[in-house]
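Naming follows writing order (A, B, C and D), and every chain is counted from residue 1.
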Amino acid sequence: MTRRVTVRPAADGYAWTFGGVPPVARITPGTVLEVFTEDCFGGRVRTRDDLVSKVCRFPFLNPLTGPFHVEGAEPGDTLAVHFVSIEPARDWAASSTVPLFGALTSTATTATLQPPLPEAVWLWELDRARRVCRFTARDSEITVDLPMDPMHGTVGVAPAGFEVRSSLVPDAHGGNLDTPEMRVGTTCFLGVNVEGGMLALGDGHARQGEGETCGVAVECAMETVVVVELLKGVSTPWPRLESDTHLISTGSARPLEDAFRIAQLDLVRWLARDYGLSELDAYQLVTQAVESPLANVCDANYTVVAKIRKAWLPPGVPHQDLHARLRATAAGV
Amino acid sequence: MTRRVTVRPAADGYAWTFGGVPPVARITPGTVLEVFTEDCFGGRVRTRDDLVSKVCRFPFLNPLTGPFHVEGAEPGDTLAVHFVSIEPARDWAASSTVPLFGALTSTATTATLQPPLPEAVWLWELDRARRVCRFTARDSEITVDLPMDPMHGTVGVAPAGFEVRSSLVPDAHGGNLDTPEMRVGTTCFLGVNVEGGMLALGDGHARQGEGETCGVAVECAMETVVVVELLKGVSTPWPRLESDTHLISTGSARPLEDAFRIAQLDLVRWLARDYGLSELDAYQLVTQAVESPLANVCDANYTVVAKIRKAWLPPGVPHQDLHARLRATAAGV
Amino acid sequence: MTRRVTVRPAADGYAWTFGGVPPVARITPGTVLEVFTEDCFGGRVRTRDDLVSKVCRFPFLNPLTGPFHVEGAEPGDTLAVHFVSIEPARDWAASSTVPLFGALTSTATTATLQPPLPEAVWLWELDRARRVCRFTARDSEITVDLPMDPMHGTVGVAPAGFEVRSSLVPDAHGGNLDTPEMRVGTTCFLGVNVEGGMLALGDGHARQGEGETCGVAVECAMETVVVVELLKGVSTPWPRLESDTHLISTGSARPLEDAFRIAQLDLVRWLARDYGLSELDAYQLVTQAVESPLANVCDANYTVVAKIRKAWLPPGVPHQDLHARLRATAAGV
Amino acid sequence: MTRRVTVRPAADGYAWTFGGVPPVARITPGTVLEVFTEDCFGGRVRTRDDLVSKVCRFPFLNPLTGPFHVEGAEPGDTLAVHFVSIEPARDWAASSTVPLFGALTSTATTATLQPPLPEAVWLWELDRARRVCRFTARDSEITVDLPMDPMHGTVGVAPAGFEVRSSLVPDAHGGNLDTPEMRVGTTCFLGVNVEGGMLALGDGHARQGEGETCGVAVECAMETVVVVELLKGVSTPWPRLESDTHLISTGSARPLEDAFRIAQLDLVRWLARDYGLSELDAYQLVTQAVESPLANVCDANYTVVAKIRKAWLPPGVPHQDLHARLRATAAGV
């Protein structure tokens, strides 16, 4: 029998970091987790006048639901998080420019003497029946409908080495990866660094372009269902995802080419471990077959994805076929 | 009546640079150009024993067919190159690791004290009837069939500022962009820097992954047909592409985040110019709608693509609707 | 009367992070602190056979002495740490290559398929009377004597935003800056992020080149004396240093140009705040007068220094003239 | 007997590129060359109202005196340029911000949506008797006197691979290195790529800070005397300098850490070749002894210097002791 755990945090019940926070619940492997996640602004940007610099206060950005202590998870193991459902909790979402944040502006680290870009808020209408996000321009009468493609920007575990990291940071522990690949039907694999793993998630996006150029997606609160599993004795140095069609490695670093290198090397080694190719042969095959969309080029580390189509691989079994089993579990939820 | 020009260079008739070379032909706008392009190795890598370091000699890498002087092209104009057909000229293609070249190795600039990776050649079988490229592993019995998706890695014009650049370099003049988007059905827009523009192309790939990880794609000689047009008085700071479905900007620079910034800013400004959005509104729309696949992370500059689906844009006319007209022309070739 | 506090940690009394650790002592502003700091290896590398990968265990690297809770320090204030004396505690020091660490090797983030460089240990003799560090080559009979120039690689406070960072990381909170400027006679200014500031230090180097190329300096335990002061209501976004001759800003980030930008912008703003120049005038003066030595190009962030000679500045008073007063205090210690 | 050649270009007699230009003179090794070099603005910025964007026109920036064809120079050889004297030709110099150029602004490649910084000119008074450059602030009454330290920002040869590069670019052929180390008493070693080498120089600076933060130094026309020599059969992959006290390697690339890697690896290999150390021992010695000042962080490539004090090296003879002989020659000029 599948265990179900539901968590809807109280207003002061969110976490703001990976690590350094006691668990909100202890769950066993196989648990179906139903959670509410607040948007990255803590739900405070609701009109065009709610400028982020006015209504939000650092470091109270990007609230996390969790962390969850997974029974039996120990350093060297891998947590698997399968996304059964990710549904916008409201019929609107918000985006914004944020001073000194984003890819097409100077920032606190790409520091220049120029004044910041103007701060502006866009409210998006979410038509959940039609699965559409409506963009309304500020400076003209233009509106555009884009397909809804809900995802979580932030999924991670407690980091290694006694560190505690802001929920805004993506790194080897996962965190703020901001990749559109983190959608329903996907399994996310995260290496465990501390006892219990301490899984947390948040930062729902109704949709997001690749690279998250201005730094802020179509941000919305989510009702999300995941199944959490545990792979004992399998290590996962960088977050991996698996969908029905693709193996997906991630790398998060600066400069961006290092994030690329991490993800590509991880995919090469994944093929070498689970598909019988030598590292050089895997390097050659990946070179010709890989898809390499950007995830974010705005966060504290940049994230790149390396994807390969499973239909283009020789026979092999990734992660003990766990994704396939989780798909079956999800079908029964 | 459409003019046709055919060029199959003699063995010593290739160019090795953009700029600094006299034209092989003068063509008028609207000309259908039928060219043979040799592979990046000059056709010298034909067996597994043909190591690049043995059979090739710098700077005789990446031969170009051209340049073509386009009548009437002046600085400030834009050349349009529409790809009607790109067909592998042989039933095999070659790939290789090259010492100190590629993304998962130290290089001449990402300089380390480590010895280079081993040099190895892979020969790929091209089944042109089935449109398949067959990978044969070196260190196991594994073979994999990947879809053929022919493209040109290198398309460009003479650079600005009296410069002459190696055919291995991608930059504002185009050149070695190495993006899989440069395929049949696409129009490439290049800003003219010198009288006649001096268009050249080469570096055919039977297919290529995004990022060209090991630095070398499935390299093959090509029989290619393009239509060349001229947009007077339209400037194009960085190479753009247009397909039936997408607008595509490119950026080439190091570090990789700068290539991203260039491409994204170019796309934002493209939408602002041709689709009636303010720059901030375009920034927001691009953030949520853009696809951002990597092109190459191995060349002298790295290249990133920023794509947006035309169906998701407000009404607008990119580049005076030239792509649509070229599609029609191509249909009649 | 000056208060003195002495701390020599027990073997299990070191901290491994900035933040997340209770204070070892509470001190009042003006306290003279006498501390022992262990070397970055925890004293475990003592012979050429003590390979780091054998005798050290992650994350037990770079032990810190502290943290010290400074009474009255609150977010928005600045701690000042004046180095009165830094003396090697032993007559030897150790350096080493470390697998996948350092500037001239691939690393965990500049990830390649190449095997790591060989691991090797160099023991340095310290002649404290003659102030000389003796290098003995491994692969030849060569020895070289370099001037001793003791410094602390790691000095910092608890980070902002509830974060806890490894002692190996340099960032806005200070930490593993690894700059040779952190020597006797210098005052280090650190912005306070949490109540008490939580100052800690370690990572003594008998000397270090600029950039710390192989990732490891001439590492030794130190007997160090500092005076700790507090500037209420003065914020310091990035660590600054002041010597009798120079103002010194630091920036820590990746890529390295961002670290440069941070340090230079900080110095421009320092001159604008304390020396009556407009930002543009300060930008011009810094451009012509600045010294910009690298600190480290190997750590989790890279660090660059921006120095300007005080004799070349118009009249001004940096940080309320605290450095001058601390020099006087130090003279009396 | 020493041959002397004097070149003072006519207004239209400057070169704007390395490569692609016929020689202004053919000289024999050992020639004393007396040249006039114009400032980087072509002498057009003479008052505060002479904004660069108004009075200069791309690509007519950074004029070069030369190129000089050195008899007998062939690919694989090294040219040596010893600076006997560099004297400002006028009693004033100019600096400026330039739109989208410099380190503390967005640029054409670090592309953002922000407007450029304001354009402003500073005129500097040069007191050649007192060897002082006087800064006069624009926005206050402040003046500051800085020591004159004349240097050439741009010294180079024709590039390899048939390329022609703008005089604004630093790379393996030298060019716009913008390092203050290029001063009187120094010998610059440049690898020859084409017959005759084709040496050219320009871009005199009365002084410059390390990193050339705003992108423009204290720019002035120069009367310069150099001795040019030739080392047959000695290759020099990246520009090197030698002073009476230091060996100096350079690296030019992006991101900045790659420029660092190139320079440090070059210095390691220099010590290994000429001083009898193994590469690993040289890596260790350089790590502890190197000085690593930035040269420029604004040009098309960034440049970093790696310096080591000759007094700290084991016995060795760099570049066949040519620097010492050139010092003697210079003493007799």
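Please note the rule applied: contacts are C-beta pairs under 8 Å (C-beta built on N, C-alpha and C of every residue); 3 or more make two chains touch, one makes a residue touch a chain.
Just so we're on the same page, UniProt names per chain: A, B, C, D = Acetamidase/Formamidase.
Given the structure is predicted, the values throughout are model-derived calculations rather than measurements.
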At the largest C-alpha centroid distance from chain D (Acetamidase/Formamidase) we find chain A
Comparison of A-B and B-C (more C-beta pairs in contact):
A-B
Would you kindly tell me how far, in whole Å, the mean C-alpha position of chain B (Acetamidase/Formamidase) lies from that of chain A (Acetamidase/Formamidase)?
33
Round to the nearest whole Å and give the separation of the Cα centres of chain B (Acetamidase/Formamidase) and chain C (Acetamidase/Formamidase).
47
Residue numbers in chain B (Acetamidase/Formamidase) touching 2 or more other chains?
104, 110-113, 117, 254-255, 261, 265, 268, 280, 283
For the protein chains shown, what form does their contact graph take: line, ring, star, complete or other?
complete
In the complex, chain C (Acetamidase/Formamidase) residues that touch chain D (Acetamidase/Formamidase):
95, 97, 103-104, 117-118, 120, 122, 133, 135, 137-140, 142, 144, 146, 207-218, 254-257, 260-261, 264-265, 268, 276-278, 280-281, 283-294, 297, 302, 304, 306, 312-314
Enumerate the contact residues on chain A (Acetamidase/Formamidase) facing chain D (Acetamidase/Formamidase) in the complex.
104-106, 110-117, 255
For chain C (Acetamidase/Formamidase), which residues count as touching chain A (Acetamidase/Formamidase) in their complex?
16-17, 19-20, 58-59, 108-113, 160-166, 251, 253-255, 258, 261-262, 265, 268, 279-280, 283
